[in-house]
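Both complexes shown next keep subunit A, but they swap its partner, so subunit B is in the first and subunit C is in the second.
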Partner chain A sequence: MAEAVTKAPPPAAQKDSSMERQKQMIAGHFRSLSLAPQTGQRVAYTFVPGNLTELMHAFDVLPVYPEINALQSAMRQLSAGYIREAERLGHNEDVCTYVKCDIGMLTKGNVGPTGEVLPPPNLLLLSYTGCFTFMKWFELLKHEYGCEVAMLHVPYLADGQPTAEARRYIVDQLKAEVIPKLEKVTGKKYDEGRLQTLLARSREAEDNLVWVLDSAKARPSPIDAYFGAVYYVGPIFSAFRGTEDAVAYYRELRAEVEDRVLKGLGPVTPDGTLTREKHRLVVEGPPNWTHFRDFWRIFHDEGAVIVASTYAKVGGLYDQGFRHGQTDDPLESLADYCLGCYTNLSLPSRVDLLEKYVRDFKADGFVFNSIKSCNSFSAGQLVMLRQLEQRTGLPGAFIESDLVDPRYYGHANIKNRIESYLQMLEQRR
Partner chain B sequence: MTPQYFLGIDLGSTTSKAVLIDAAGKVVGQGLTNTRSNYDVAAQVAKAEALSDARLSRLEQALVDGGFAGAAQLATALRRTARILASIDRLEVLEARCAALARAAPDGGEQAADAVHRLFTRITGEAEAVFGPLATDRSRFFRDVVGARFLAEAEAAAGRREVPYEVVVGAWDRAIIEVENAETGDGFDGFLDRALSGLGAGSGARQAIDRARRELEQRPIEVGCVVGTGYGRARLPFPKEQIRSEILCHGLGAHAYFPQTRTVLDIGGQDTKAIQIDEHGVVTNFQMNDRCAAGCGRYLGYIAEEMNLGIHELGPLALEATRPVKISSTCTVFAGVELRERLSLGEKRENILLGLHRAIVLRAMSLLARSGGVAEQLTFTGGVAKNAAVVQELKGLVTKHYGERTLNTHPGSIFTGALGAALFAERRSRGEAAPVLEKPRAAKARPGNVERVP
Partner chain C sequence: MSTGSTTAALLERCERLYADTALDAVRAWKGAHPGRLAIGHLPVYAPRELIHSAGALPVALQGGGDQVDIVKGDACFQSYICHLPRSTVELGLTGDFDLLDGFVFPSTCDVIRNLSGIWKLLFPKKYSRFLDLPQAFEASTGGRFYLHDLEQLAKELHGLGGLAPDDGRLQASIALYDDNRRAIETLYALRREAPWLCSIDEAFLLVRAGGLLDVQEHTALLRSFVDAAGARPKKREDRIRLLLIGAFCEQPPLGVLRTLERSGAYVVDDDLNLGARWLLGDVGPSQRPLEALVRAYLEQSTWASTRFEHDEPRGAQLVKRVKRAGADGVVFAAPSFCDPALLDQPPLQKALTEAGVPFFSFKYAENTGQFQGIREQAGTFSDSLKLWGAA
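Up next is the complex of A and B:
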């Protein structure tokens, strides 16, 4: 309802001004991709968790992230058709909907979010094996494209901290498997100095991102650290880490948020600036993409701001101290990055992290969005919820939806659940 | 004048409920109707019924206060007669509409219309027997009661080749939707006059009632504040702060019925809610199903249809089971298939039914566990709490998992949410820091919220 946001919201979605820069960056990237068959630039398909973007840039390889294409398709209301197409081809209803969306998009001509055709990959770079589905996904793509595959096995982080052995194990694979494959498809030699330069740029961008995510500790929070943050983490989780563009983007974003803090402004929502922060929440789990704006509205209509989320960390737990290029050996730094991605953490580490968020960001409660088609996230979430409730003394909300399959998003039910939850928090005060 | 009464409206996905309470929190009127597809109409009907009910309560009170012999029985008879008359009014409208539709149907005509009239003549003739027990545990819905009678009569008549069955049933299906929630009759005063016509004009009872009616005219029931809840609550034309989630309302309503209760289970039409509350009825935690509505109230409705039974007949039949059948599917549709399969294998209906009832409770048990378990007293709310087989299975499984617990069910269980809403309305009128999303306002009820009911 309008009372929590500024009156007379403009019809078009409101956005941060840094969004304009991000939009141009994305447009430029997809242009380069569409031209790759002519320019001869090499292309690798890869995943967001544990991505080796700087290493790819060191070989002038253009990355494509099928997960991001899938969520973009969902936001443009195309995923339902793509999923139907994949199911028509024989993929079961229970298969990860990111995969089916990607397969459907591929079948329909592989047109990316900007309307340009995506080039086929020269390399399938599987940089995170914690999700078994990723392996099966790339098996399908390998069958389709018959290109080179590099697989990096990332051991599960049982104790929450990378061990020397795990680090060494990954570095060995980078040297023996990933780098030789990149050399093979590009015909270029690995240049460690170049990688160092790229990692240093990543570090600068990461510092500013962490500042932005941390700003949610302010009251009112100047950002929404879930719905808003999915835009903020976009460049750093995807093709732009290590680029000058990313450095400039995060400088601009930080300046923008600093300004909001000074003015005491709340987050920008698609319906205007949130003027009355009534609830501070932590969210676990990815958002639903098919109804992203409606889903967000359920929260901001009630004056609820997400002050921290684990989803904004799937591409790196920078807020917990990790930075690219921290160690002298750049490959060790990449190894630490792969090991520490959020879905590679054990359930106890995830509960620890959520508890820390609730306390550090002074949250009033927390919401778990259980995703039907993502076991990496959803397995164990009920146990996590219970433990978090016990440790914080706060009740949690548990909702169920899906990433990109609109059939598994029930707006009325979710709205009912969240509204009830927020009214309960209010009543308990 | 200070508002005397507070109204809670619970627009559920299956039924809509309205409860009117006085300033002391005592329930003075209740209204209940099928929601079907129209929340707006359902809200109006439930509210009108609650207000009529409250006026009847005032008259009843006047009789009892009069202190003459047989006052209580007279009050009960008055209420029963009023309900029968209202049902007869509705039957007349339904008959006319049904006959018109049968006449206009492609295979219909005058003969079909005459057949409809004959069927209704039988039902109207039995009105007292049919609508008399409405106040008891049987299904209270006009549609269910009349529907069961009408279809049985139509089937029998069709067997004797007296009516064109398809035409008549087709006309019924359309007519009932139009008529079940329509305004009928000549209003409260009209049917009250008729109900009272049997009472001698000079009798003490008649005088007491007339006095009470005059008093009602002078001091009409004023609704100070309304709070809405339930799935259709967004349809209510109230400001946001007069809309409460049904979780909070069920918590508070259950607390009003049973102050010692700390756990509440509500099995509604399309969701099941496990709620934990504190000693003030404030919700401390809750869990509910979403994405899949297996095992909710509608499940029973579906099973009843599959078995050609009235929904109120399921529980008693299930209790006759000698050995419950294990139903492996929690999906309503699959359970229906399993039901037919078991029947074809010769399994007894009551054994299968008990298995289906247990399946519902098993689903609820997992939500209860998720919400924090079962405290010393558990209150079962919602329409399904009327089903004795569900209560029995719940009791058994709670004892098994949590040990000896008190399981409360209230005769007004279906009104729990609306009662909670009415209590929120009362608090709101006092400006108490009720769980409104805004800061508490001044204690004054806003003029726009005061409704005068003649």
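Up next is the complex of A and C:
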């Protein structure tokens, strides 16, 4: 039902001003990375949840996020080959495909999303936050690169709330393990003042991001808080937190979304602006990247807008009030950030959050996209779904796919399920 | 009793305990110890000494094996998640765990981590506790954090009705578990030296029994077996010697273990029931026993796929272990969809290849019923080693 979308692509200026800026930021970052062997700038590989980007910037270290490389490879249809390569090398079919995609990419020359070769890491900064596989992944990379590894164990929020002990444990590790290793690989001293400045910039960017995410409370929602939000969270989840670029990007993005709200416009989709918001949904779980646009199209063709998603919170729960630099001690602020990433939350907390989203964003229903290779997200989702159904009185939909392995994305099956689900929501009105 | 009937009776007892998914043995223990707690814990490692010092029975919950029909558990987990959590939930929902007073979920992997949350959602009235074992191994970081976590656990067990934390009692519990670890090590030494006297499935059952028994009783059982084993009328056979690795959490069914040995191998070392063998050597006496328990975790833990590889690479450690066991080869036996075990295989296999140690691998689930493929693989592996000295 394509009438929910205006087919003409949106005018370039409307679509592109913040997006263009983001594109340039990414291009600049990968350019710096490719030149690192010449410039001597140090490089750290790290993960999105619980990343210590401001701390890395405080040492002028360039971050690389293998998870983002993997999803970019999937969007460029390269992941299947990379995964095949890793499996050929003995990596099992059952394990996380992000890991295999990364290993395959490494084996094939480590060419990044912009076509430039990524430099090897000087440091593997293992922020072990919310996913056990992160640890195994960097153990594998450690064998490949033989470089320094800094391990930061972030305790799990099993009881819903961070404890003083957990926070102290992280700060202790930052002081005893992470900062000394950053000092060692860069030859620079830790500068707390510089870190504070970077955190203040993060805060400003985060304020604007939260405004954008909250805008989905409007009817119609001016944004898609899942498919669209993966672009919006890009800079703040990755290499740009703490930079002037990120501050400018989020100011610009907010202005664009404010404009859409004033004009009563729906979200921009790959096929143009969604003109008729028929269903407001909350989504739990990461998207499929190999068929990202097809997957999105299943929803927007039916006039379904995602008004809140948990995936847009894997790199930080800013919408629940956290901001970098809120505490006097910047290391405590980093600790609080690490503790609060979405996949570090207990299952009861995840259900609470989803329930809150359904209510706050006045959603008509919710969809769980269960990812085959991601135990961190997926184990327990069926129980979460039933709890959420009971608490909200709404039915939910459950679909299965994978992040970057196209073998596990069944388009027709997913489309059928989503369409039947939306029809059911329609009949309940 | 003759030694033959002693070992047979001990093994029969262990087999009954293995089949005791409804925890009748725990029920009997509680009957004999009114007012005392029974605390279930998931794999792999839990500080059983601490639970014991609260006057409680630590109960190792190791899944339902091939003995539990899964109906409700399957409705909680997608097909691409290992089997252990679904049988655990099944047993919980059918009421088999009702007699347990609480549950400890150690930070083994994301599945057990999330299972701790499922437990809170499904059984909100039961005490359940996630135990975040540290992945930072410095006393000033991970040690400090873990010490606090254990102090909390001890207080919570007291709050549940357990005995108040007490250094003297903890020291006594540690001594009992040190003795238990020594008894297990004697059994493993027997298998390294004379594996025909105790088969892999028997050794598995003997150690596993400790999950449900009082520690002293288990230690006595192990010693009785080892003492009597030498007189068993068993003959050495021409078999290869294997080291089995990867089965540290969800346990393979007995049929898998028997198939391996019937295919021409002695499994002379393994990581089955790993929690019981986690600490290498004694914790030892100490004025501050809780700190000693923490230190033992930081410094004496066995190498395991669930711990961060912060010291010597696991591959090198595996090669040493192969040598120590006098093994001719390695079998990688991992539960399907087990990220910790499966992600470790490529580097471990690389280290073995470099050291010239042959290996083969298969996956299983705790309720695997078909052994033909494993029989063929193991048989071929053993034949080729016997004939040519290489697989």
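Heads up, the rule we're going with is that the second predicted complex is superposed on the first by the 416 of 429 C-alpha atoms of A that agree within 3 Å, B and C clash if a C-alpha of one lies under 4 Å from a C-alpha of the other, contacts with A are read in each partner's own complex, and residues count from 1 in each chain.
Note that a contact is a pair of C-beta atoms (placed from the backbone, for glycine too) under 8 Å apart; a residue touches a chain by one contact, two chains touch by 3 or more.
It should be emphasised that the depicted structure is a prediction, and the values quoted were computed from it without experimental measurement.
Partners subunit B and subunit C, brought together by superposition on subunit A, fit side by side with no clash.
By the touch criterion defined above, A:291 lies against neither subunit B nor subunit C after alignment on the C-alpha atoms of chain A. In the superposed pair of complexes, A:372 makes contact with subunit B and with subunit C alike.
By the touch criterion defined above, A:29 lies against neither subunit B nor subunit C after alignment on the C-alpha atoms of chain A.
Once the two complexes are overlaid on the shared chain, A:96 sits against subunit C while remaining clear of subunit B.
In the superposition on chain A, A:400 makes contact with both subunit B and subunit C. In the superposition on chain A, A:300 contacts neither subunit B nor subunit C. Shared-chain residue A:381: touches subunit C; no touch with subunit B. Of the two partner chains placed around the shared chain by superposition, subunit C is the only one that A:348 touches, whereas subunit B remains out of contact.
By the touch criterion stated above, A:412 is placed in contact with subunit B alone, subunit C being left untouched.
In the superposed three-chain model, the partner touching more residues of subunit A is C, compared with the other of subunit B and subunit C.
Geometry note, superposition on chain A: angle between subunit B and subunit C about the Cα centre of subunit A is 80 degrees, to the nearest 10.
Least inter-chain distance for subunit B and subunit C in the combined superposition, rounded to the nearest angstrom, is 5, based on C-alpha atoms.
Shared contact residues of subunit A, touching subunit B in one structure and subunit C in the other: 372, 382, 400. Here subunit A touches subunit B in the complex through residues 1, 3, 278, 302-303, 372, 382, 385-386, 389, 395, 398-401, 408, 410, 412-414, 416-417, 419-424, 426-428, going by the rule given at the top.
Residues of subunit B touching subunit A in their complex: 231, 240, 244-248, 271, 282-288, 290-291, 370, 372, 435-437. Against subunit C, the residues of subunit A that register as touching in their complex are 89-92, 94-96, 99, 126, 128, 131-133, 135-137, 139-140, 142-143, 151-153, 155-156, 158-159, 165-166, 168-169, 172-173, 176-177, 346-348, 350-351, 370, 372-373, 375-376, 378-384, 387, 400.
Considering their complex, residues 75-78, 80-81, 85, 105, 107, 109-111, 113-118, 120-122, 129-130, 132, 134-136, 138, 140-142, 144-145, 148-149, 305-306, 308-310, 313, 334, 336-340, 342-347, 349-350, 363 of subunit C touch subunit A.
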